[in-house]
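Down below are the structures I want you to see.
In the two complexes below, chain A is the common chain; its partner is chain B in one and chain C in the other.
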Partner chain A sequence: MPLDLASLLTFATAAVLYAGLLNGRWRGWALLIGSTLAIYWLQPPLAPRFADYVLPTATLALAILGWLLTRPPDVESRQTTLREDRLTLVVLFVLAVGMAFNRYLDAAYRLTASRPPSPLWTAVILLGLGGLFLLSARLAAKADQRRVLSGGILFMVVVFVALKTAVLSTAVAQLWRTLTGQNPALAAPTDLAWLGFSYVAFRLIHTLRDRQTGLLPALSLREYVTYIIFAPAFIAGPIDRAERFVQDLRALPHMVGLDAARFGEAGLRIASGLFKKFVIADSLAQGMSLTAVNAAQATSTLGLWMLLYGYALRLYFDFAGYTDMAIGLGLLFGIRLPENFDRPYLKSNITTFWQSWHMTLSSWARFYVFTPLSRSLLRRKPRPSPTLIVLVAQIATMTTIGLWHGISWTFFIWGLWHGVGLFVHKQWSDRTRKWYRELAEKPWQKRAWTLFSWFVTLQFVVLGWVWFLLPELGLAAATFGKLFGFGW
Partner chain B sequence: MNEEQTIREKLRAFITRELIRDESYNLGDDEGIVTGGLMDSFSLAEFGVYVEDEFNIYIPDSDLTVEKLDTLNQMVARIQRDLGA
Partner chain C sequence: MANGQSSTITWRMIGRVLGKTAVLFLLLNLLFAGLEPMETLGRVSLYNWLLPGRVRLPYGENPAESYNLSLNNVPAMLASHAINRPKDDAEFRVLLIGDSGTWGWFLPNEDTLAGQLNALGLETADGRTVAVYNFGYPVMALSKDVLLLDAAMQTDPDLILWPVTLESFPRDKQLFPPLVQANPARMRRLIADYALDLDANDGRFITPTFLDQTIVGQRRNLADWLRLQQVGFAWAATGIDQAIPAQFDLRRSDFEADESWQTFTQAATLTTDDLAFDVLAAGMTAAGPVPVLLINEPMYISQGQNSDLRYNAFYPRWAYDQYRALLGETAVAHNWPYLDLWDTIPPDEFTDTPVHLTAVGNKLYAVMVAEGIRPFLAEKPDLRHPNPQGLITR
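The block that comes next holds the complex of A and B.
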């Protein structure tokens, strides 16, 4: 994750100026403009020419497209915000073309990672793209909105698969390099490491689906784009929900600027995040956690378990620390992002683990995979057995979460591992519910049982990380075997 | 019985019979059904389908959550709200 101390300091300085100097009614605009600049600035350099300029621009284009498709069907609500939406469009256009002027700056002063394409060409292409969008929006307005939205979701899934599957993304990179006159033979799957895309895709799908079910509130273009690209949550979440995010956004004009309580809370959150990420996680990264290299070099079962535990802790502290920083930064700007972790390694069953690990992703998967799939299977005539429905729904949900991290066999197996784990836990708890309730009257036995369940759950989660961490199926399988003493 | 009580008793019967699968269980009005470990996310989906069939109300997927539907009181209030609307 490219968030380092320097960028954190920049964010914090911007936040102080924003809260202290800016008139309340300009805060919303400042978040849009600041976040737009930030997504160009945070994008790390990419080898294919212009990619580190084009991809952030494509993020903006996707956000605008998402807004066009999710506008409420009634005409009235469209007209009231029309003027502001036009202004937003102009602002985004000026910013995108303005970023191309980084081309003429010395590398040290550039906001983009490498030299962007010519501003004139950029402007022409963006205007063409804008025309195309407006035309398709006109056509879409006449079509059945449900279908158009399904098409939008499908489009996002296709782009996601193309970028997250190594073979496909290499092919795209080859094509890109051919177009820009670079050597296509050098194309690699990491060529198009599009910053924030996984999160952007899931936010977009959430709004498209919620428009279909009528849950999405009417949003202005400014609100919608800010929700999609809000800088503190852009790199690695949390995945907020649009209706919650805009509540905070709409309250910004009346927010107390330099509120000591808010700044204090944010400061503590950021400090806690810094400690978790840069002290604990980064120390564990110094040889105390499992990697593809030391997995192959380990010489004993015990040593391998220690490394695996080191990795489990490192992953948690890295991600939870990052989330603390994102939430703290969000607070500085007046947006309270949702929590993402709730002491996951202390839970005593796999279901509560998933209610406390990467919570915004697991809720997303529950809303858009698990519940709709379970419901539609429950509605089938004849109705399949509930056991089968649960199995199918759990596996579909967890493999979606797995593949969201990258489309590979190891992530698939990791998803399957947890899908089966959740299924088994449900079968178990359905059958032992009465027994478990009666356990409440025997405090000592209950304590012992909780301790035992916690231990089993933790081993299950930690073993799962082998598939999550090691990208190569053979190495992951060999390491997994070695943890049980096989294959030394 | 008034409307509210009818809804409440229908739900209580459905939940203890189909979801908790223990009809002898004495389910309280304000008892956390999901947080208390009596029901899970899948049961919430089953609840959604039941409400659709029984009351002709569609509760969207993102409203089938612990926060919104953890107790009988919350469920009854939700159904009454949708019936009234």
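The block that comes next holds the complex of A and C.
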């Protein structure tokens, strides 16, 4: 189920009970248990049998695996931590097996989207999986940590690619259907719509990479899993950084329960999010924004532009609304999630646009694609020209962001569009810096230039959405042409 | 706070804000209920300035596909229509009212009767272009036609075309259309002004209470008005205002040996008590000095099983023949310009019901209507008495 008004109300009620009634030292545990239940509850129904139970369970398994791989070597010696980690494992096991008992509940009372598999089999499989994980962790501890962590990152990338590529995800769905006695011919790419996986994958990759570079602090299993699946940010981010997240998590025992300031701020953010998502974005969705269907039906250039602008606004208000709600809910639980948007459509160049649009994703990409790739290119002999390094790094970063949304040519072109845009802007600003500084003394000219730059940036971003939105390359290219009067 | 920032927000302050919000919300609702602004709001529209006016009235149950929707706010319907703009001197404005056949069920706009008439490029003798506006609405009742005609008279038409069929005449059906039920004040005024033989206190009229008039009570009507503006963007970009299925079931050709019609279980004699000729007359009067060409619209005539008893799924022969005779007599008696086209379209040109035409059917229909219009386009037409006897055809 998506984050709708009912689920929002449930979260808010849980937050009030959590803040008002719960002893401080249990808050961390409550977040872990609540988030675990939430990932099962929020997962929409899926056609392949048991998938809507298995995928949230797999999220937990990936989180535990991620923690095993990112544990600092000296952690074994700390008995208190070990006890808490074992307890966390037991809690997660009980919760996962407990969720399988939804099998015996009437559909109206079930927390899972459909009937889960037998609890007994679930317990056996989870215990087997747990044993396998522990064995792997033991073996991994003796191996080269750098390689093990690289293997972990590679594994996440492979799973990500398999799920985001239509052909591969259909093949996986076919296999799944075959194994569960369903008709494999009915498999579709949307069969395995794994809720929150994109965000989970990026958080896992962040921790694996930061362990490699030594930036990741030591986290208990409870802290690590809570960071990966924290319910308010599970569906649509933001992508927090683990070291920042645990600061708030560790401060929870000392947090004032019913703090008016926190509740007031959270309430405002949630109200703002509700307005953006359910009033503005959902209104724009009703006939005012471009879709794959009406793009193919369009007969007028002006109408197409209006729909495209409608889509651009809808996308922003939808996503920014979700982010506001996530931040507001996070605050209710005592976790201040990072900001994700800062009036991006008002920016006057593409670089500042990307510093204000889905900020946590662009920061992630800067940390884990742009910077390492640039450094790697700088170390090459012979060293490529700085211009070439910037071009390659920008395009690689932005195409990664594009492909994160789904592996298709249209997302690739969208990434390329922005990569080239960022590169061109960098070259332009490098060459016009002196002229731009001089504009400071000519306020009217500077204002006119800012207005012009804003207009150009907005058109660039809005045109880019054509590639982002439309799933077929032919339709996207035709629509792009029609926006300029070609191909009618 | 989660990040340790200081704040001046207190529970007392939150309580005050929530309290003021509740009071403001209550006051706004009371003000809204007091002002009853839905009709006025309906006149506020994005159509005909930011968006092109719609070529036919808003109607549809699936806005996501048809970029159109049904609503009961008559001013909003009118404001969204292309006819709701000033008429220039070079235009001879023709208002076409009627049922779903006129509206153009399963047809794009260019294939409707209005579209086909416009394609003929008719001109008046003094050189004005004939512009036909589709004001049909997919419900069969004369009361609904008169309700819409009454609202559309402000658009200054030069001629009104009014295709009718027997299914619009039963007196019991006149207060059945949701559009009529949801506009009790308008309909009661028509009943009073034209002394219609309809019950102004009929229980089917939706008479809102004070609470129903608040923002909360009117939320559905407000949402419909807003959605009409929203789907206008997709309509403007695509020209689509109806989700036309690729395939649909054709009208039936074979029937049971059944002569029932409406409340009649067998053949009987129809009178003006059964058929709402007073509502038809009210429409003619509501048009004022503007001439109305009454058209008995084409219908499917079956040659299948039991077609000796029934013309089609709608009509047994006894009922339709009597209706047709009554309509002709009434038109002559009142000196109404009248065109009887009931059997003029080949059976293959009907789609899912006995009154829905194909594009080809509408083209044939349009040519005949165009002939009927010609006397009104003459240099000095006698608009009040344009020789109706001469117009009665077939």
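We adopt the following convention: the second predicted complex is superposed on the first by the 481 of 488 C-alpha atoms of A that agree within 3 Å, B and C clash if a C-alpha of one lies under 4 Å from a C-alpha of the other, contacts with A are read in each partner's own complex, and residues count from 1 in each chain.
Keep this in mind: contacts are C-beta pairs under 8 Å (C-beta built on N, C-alpha and C of every residue); 3 or more make two chains touch, one makes a residue touch a chain.
These numbers come from a predicted model, not from an experiment.
By the document's definition of touching, of the two partners only chain B reaches A:393; chain C does not. Looking at the shared chain after the overlay, A:210 reaches chain B, while chain C stays out of its contact range. With both structures placed on the common chain, the touch criterion links A:265 to chain C but leaves chain B unconnected.
In the superposition on chain A, contact of A:446 is made with neither chain B nor chain C. Under the contact criterion defined above, no residue of chain A touches both chain B in one complex and chain C in the other. For chain A in complex with chain C, the residues that touch the partner chain are 248, 251, 255, 258-265, 267, 283-284, 286-289, 293-294, 297-300, 302-304, 306-307, 310, 330-331, 334-336.
Residues 1-3, 5-11, 13-14, 63-65, 67, 226-227, 230-240 of chain C are the ones that touch chain A when the two sit in their complex. Residues 210, 213-215, 241, 351, 363, 366-368, 370-372, 374-375, 378-379, 386, 389-390, 393, 426, 429-430, 433-434, 436 of chain A touch chain B in their complex. Partner chain A is touched in their complex by these residues of chain B: 20-22, 37-38, 40-42, 44-46, 48-49, 60-62, 64-65.
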